[in-house]
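Each of the next two complexes has subunit A plus one other chain: subunit B in the first, subunit C in the second.
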Partner chain A sequence: MKKQMNKVLRQTEFWVFLIIIFLALIIQARSGAFFANNNIVDIMRSMICPSLYAVCALLAFVSTGPDVSFPLVAALSSYLAITISIKINYDGPWFVVYLIGMFFGALMGALNGFIIVKYKFPSLIVTLGTSSLFSGILLGTFEAARMDLPATLQRFAELSLLTVKNEKTGLGSTLPMTFLILVAVYIAAYLVLNYTMVGRGVYAIGGDEISAERAGFNVKKIRFGIFVVNGMIASIAGLCYAVMSMRYLPNEYAGGEMVVIAAIILGGTRMTGGIGTLKGCILGTLLLTMVTNSLILVGISVYWQKVFIGAIIIIGTAIPAIQSIFGKNKGKKVKGGEAA
Partner chain B sequence: MKKKLKIDDNIFRLIIILVVFLLIAGITKGNSFLKVSIFQTMGRQMAEYGLMAVGCGICMISGGIDLSCVYVANLCGISAALLMQKNENAILPAILLAIVIGAACGAFNGFLISYLRIPPMLATLGSYQLFQGISVVISNGSTVSGAPEKYTDFGMKTVAGIPAAFLVFVLIIIIMSVVMGKTKFGARVFLVGTNAKCATFAGIKNKSIIIKTYMISGIVSGCAGLLSLARINSAKADFGTSYTMQCILIAVLGGVNPNGGFGTIPGIAIAVLILQVLSSYLNTFPDVSNYYRDCIWGIALIGVLILNHVINKKKSDKLAKMGS
Partner chain C sequence: MENILSVKGIKKSFGGVHALKGVDLTIRKGETHCLAGENGCGKSTIIKVISGFYKPDGGTIEVDGRDYPVMTPADAIKAGVQVIYQDFSIFPNLTVIENLAFNQVLANGKKFVNKKEFRKIAEEAVAKINFNVDMDALVETLPVADKQLIAISRALLDNAKLIIMDEPTTALTKKEVKRLFEIIADLKKNGITILFVSHKLDEVFEISDSITILRSGENVISCPASEMTEEKFAYYMTGRHFDNQELADNKKRTYGEEVLSVENLSAPGFEDISFKLHKGEILGVTGQLGSGRTELSLSLFGLNRPTAGRIMVEGKEAKLTDVSKAEELGIALVPEDRLTEGLFLPQSIIKNITVTRFDALAGRLGFIREDSLVEESAKWVKELGVATKNHEFPVQTLSGGNQQKVVLAKWLANNPKILILNGPTVGVDIGAKYDIHKLLHKLAADGMAIIVVSDDTAEVIATCDSAIVMHDGRITGILEKEDLTEAKLAEAAI
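Here is the complex of A and B:
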């Protein structure tokens, strides 16, 4: 029992969870509006895209290293999917548009994966390069501009999963259907990462590449596959973003990557690879979303938002580092390879 | 003689690339490209991100990375502008203030990386949000302008036809080359970047070296912020966000190994020249969208990486053969 307690206490996720509850109570106490139904739904709604990106970032970090190309993969693949479906006047089920997007996303991810696997370059530099390339293609070659969605996505966007209205303030909020996509992606990722050989391989190659190879994992294939999957998830997130904002906005994608990476690091993913959980992804994203959404509720000027985010990232990343220093002093090594 | 050539292999290659680009530009767009005014503009623009690239480059040599250069530059620019807004004559104090802030930001990064052992990428990722946030707060989220004319004149000043900003850039490049190439400190930075553990056992104080490296990066970025304030007479919290990517590209193009331990300051300087020539050349085509530049830079970054990889591999194969 004590051992289990210790294990929980050592998990970063637990501390993040505590911070979230603490923060929620403070915001509730100061504004009285945090636990209002519309605020909760708002937070859930604004978590959809970052949480999807967080899966990309998690897979990349756990197995290889940082991937910063996902916002532009999302932008370019959803642009292609939307343009193609408009050009051919497509009006079938909505998920076919997603499939088109995922196809292009997979291609772009494959480019990342190929360069990283073949030449063993640092993934940060490679993905910086490819995201610059994708942004050039999107805004230069295609001259993407804001545009309306094809009819089928438009209808999909108008569906809602849940609509709430705050009795006191009269403010309403709806949860779009894309939330179900998020849930589905997380369930799939959870099952693959925890119950399949490939999933365990993702953690293994991040923990120790050579040992993983000796143990029989095909490091190159797994790594390449991760980047392809990352491209696909990024394109899903990109289309979800377009659906939720009811039109395609090419300039709104870039720049989100750093906050997403910060979120998953807060959630306990290690920079050095091999450690990171989906639970942590959700909690980290929730924490940052709460901060960005709720500063106004507490009466802090929006100008301070970046300061808070920066401070949270620094404090959050310092905690595991300090923990591991103390852990070493006690002679206990933090065990690697913990999964969700 | 032979040994010297070997060291400068990469620089030699870069100079050839630069000359080839200049020739292509001169031949195809001679009348609109080979103009004094174009070169003056190039000199001014290049100085700003060139300095940030040097800052980022030395951090990469030490085995880390500095993603916060641009935001340190903005913060320094904004605080200098605010001080000068209040007091017209406080030009020198403003410059000093900017440099001190740059050094403080850098030292903060170094502290996070060395003492708290946060991976460099993350530490600077967090601190750039923080610096940007502070810039937003002190500037109330708007553009700060209204620096005294005496100061902004410097941005347009030329000495014998050469923009003063460019001279500052050259001066800092020379100082940094000497610091990195001829001093104990420089040698130690390279050692720490190659193998931090070995460096510790060799008796090097890694922590203080890293803090100093990031401090230099901060100071150099601060200078970049001052130059851009002089050139466009305004400073903004989110000015030049695309420079971050560009700085890393320049450093890698200039022969800095992203894993640390290798790279030269003159190499970075020539890479800055190459990029500026390329981008000014693209500007002479009015119908080519600016966004194509992103595309070309992305390809250039990956292309250079692959080229360096292939060349290094050939070299090591040769050495292996000689050994056997």
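Here is the complex of A and C:
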């Protein structure tokens, strides 16, 4: 029992969870509006895209290293999916548009994966480079501009999963269907990561590449696969963003990567690889979304939000460092005791 | 008895460099066979050939009576050959269960995770060597010895007949080595053959039934361990003759005036230590891990602040509060872990040797003159016999012994009065070790006062004029030259 308790205490996720509760209570106490139904739905809604990106960032960090290309993969692949659907006057089921997007996302991810696996270049440099490339193609070659969605996506966008209305303030909020996509992606990712050997391979590679190879994991295939999957998830996120905005906005994608990476690091993902959970992704994203969404309820200005986000990131990333120092000291004591 | 492994005439070259020039290795079933040789003799290459990771350019491989014209890693495992690598091939970020179960699950071609099956496999594995460990712990939280036991029990799962252990004792404490040897003895009882790769004399003699020695990719000798002596072993490994006794006897006991006097010194890690050190004297400080020997050496270099007592350098009380004070007084410390504490591994040999001399070698405006650095470093490389073709090479390209020589050069370049060496030859091969011991004698003859902190009793005997033995932070014995024997040192350490 005590052992289990210790284990929980050592998990970063647990501490992030505590911070979330604490912050929620403070906001509730100050504004009385945090636990209002429309605020909760708002937060859930705002979490959809960052949480999808977080899976990309998690897979890349755990197995290889940072991937910063997902916002641009999202932008370019959803542009292509939407443009093609409009050009051919497509009006079938909405998810076919997603499949087209995922196809292009997979291609872009494959480019990342190919360069990283084949030439062993650091993933940060490669994905920075391809980000630039994708951005050039999107805004230069295609001269992408704002545009309306194809009719099928428009209809999908107008569906809602849940609509609430705050009795006191009269403010309403809607949870879009894209929330179900998020849930589906997380369930799939959870099952693959925990219950398939390929999923365990993602962690094994991050722990020790050479050991993984000796154990019989196909390191190159898994790594390449991760970037392809990342491309597909990014394209899903990109289309979800367009659906939730009711139009395609090419300039709104770039720059989203840093907050997402910060969120998963907060959630306990280790920058050096091998460690990180989906639970951590959700918690980290939730915490940052709460700060951006709800601090305004307490009357903190938008500019100060950034200060808060910065502070939370620094404190959050310091937790594992403090834990490891604490852990080391404990180790030393044991050793000394043995020698004496 | 039959042979479990018989390889003949194995050749392997890498880009024109002949790593193996026709090596034979025959291991009988059920024995513990030692494969020895200096760094770069081809030990690791032959292991990789046997385990299927390298394809040899020539020669035959026969495992358990069966010929393998082509050996792949999967073939090797099927044939019962398992390698315990120096890094143990583990996943620090995963649990003990997963570390133990992965190989087998993957080998069976399973695509999905069955947690019950994982646990069963893991429990079966640890049961084979009666290894008690928290199955759900992350491996990175375990001590080195446990990581090794994980690797061993995992190897046993695959019905290993031949276990190859690549320098298994490198990172272990003495106690852990003892436990490992017990396990090896148990495995042997169960009919498992061990190929033990090592260059440590005492271990080789303790554990092995027979010995094969390689030198620069060729067989030197294969014989039963009983026919091997320490002198022969060292000779076969290096092709040079060493005589430690002679080395010890040759050391002249000529002291100059007193340079260091430690009086009732206490600090975290040790208590009430007193001794004196003279010019030209080599003093040994020995004791087991945790005896306080390392802490004492740190205190003398300003890295572990004393709580009581005093340190006198050349008759004046010295307040050694930080390293620069110690350096001003002419004290130098060659640290225990040369890789993390003593060297800038990716930097060139030149820069490493001259780093403590930058001030002295700088020109009038404080700019460093490149040519003076080159000159200084060339002098030391020559003096200490560092084996390298190019002084611009990063230090990490050198062997352990040569790295240690660079660390020495770095401190000697400052011309210290008192030189403290902590574990001066840990992880260094036998030839370089002898060179370093000879160098210490020469430095002492030139008037340097030297403290050798070491748990290697043979080293203390070969180099020191006298020795203090520590246990649990206190001095438990002071031995003069004539009393420096293995037996007396061991007696004093308890």
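Criterion: the second predicted complex is superposed on the first by the 331 of 340 C-alpha atoms of A that agree within 3 Å, B and C clash if a C-alpha of one lies under 4 Å from a C-alpha of the other, contacts with A are read in each partner's own complex, and residues count from 1 in each chain.
Note that a contact is a pair of C-beta atoms (placed from the backbone, for glycine too) under 8 Å apart; a residue touches a chain by one contact, two chains touch by 3 or more.
Small disclaimer: the values here were computed from a predicted structure and weren't measured.
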Task = With the two complexes superposed on chain A, say which partner A:194 touches: subunit B (first), subunit C (second), both, or neither.
result = second
Request  = Pick one for A:303: touches subunit B only (first), subunit C only (second), both, or neither.
outcome  = first
Message = Tell me the contact category for A:216 with respect to subunit B and subunit C: first, second, both or neither.
response = second
Message = Just checking: does A:314 make contact with subunit B only, subunit C only, both, or neither of them? Give me first, second, both or neither.
response = first
Ask   = Looking at subunit A, does subunit C or subunit B touch more of its residues?
value = B
Query = So, does A:206 touch the first partner subunit B, the second partner subunit C, both, or neither?
reply = second
Ask   = Of the partners subunit B and subunit C, which touch A:121 in the superposed model: first, second, both, neither?
value = first
Task = State the interface residues of subunit A toward subunit C in the complex, per the touch definition above.
result = 3, 7, 194-200, 203-204, 206-208, 210-212, 214-217, 270, 273-275, 327, 335-336, 338-340
Inquiry  = Under the stated contact criterion, what part of subunit C meets subunit A in this complex?
reply    = 73, 85, 87-94, 98, 102-103, 105-107, 110-113, 134, 136, 141, 288-291, 472
Inquiry  = Residue numbers of subunit B touching subunit A in their complex, please.
reply    = 65, 67, 112, 116-119, 121-123, 125-134, 136-137, 140-141, 241, 245, 248-249, 252, 258-259, 289-299, 301-302, 305-306, 309
Message = With touch defined as at the start, can you tell me which subunit A residues reach subunit B in the complex?
response = 66, 115, 119, 121-122, 124-126, 128-141, 143, 255, 258-259, 261-262, 265, 271-272, 302-311, 313-314, 317-318, 321-322, 324-325
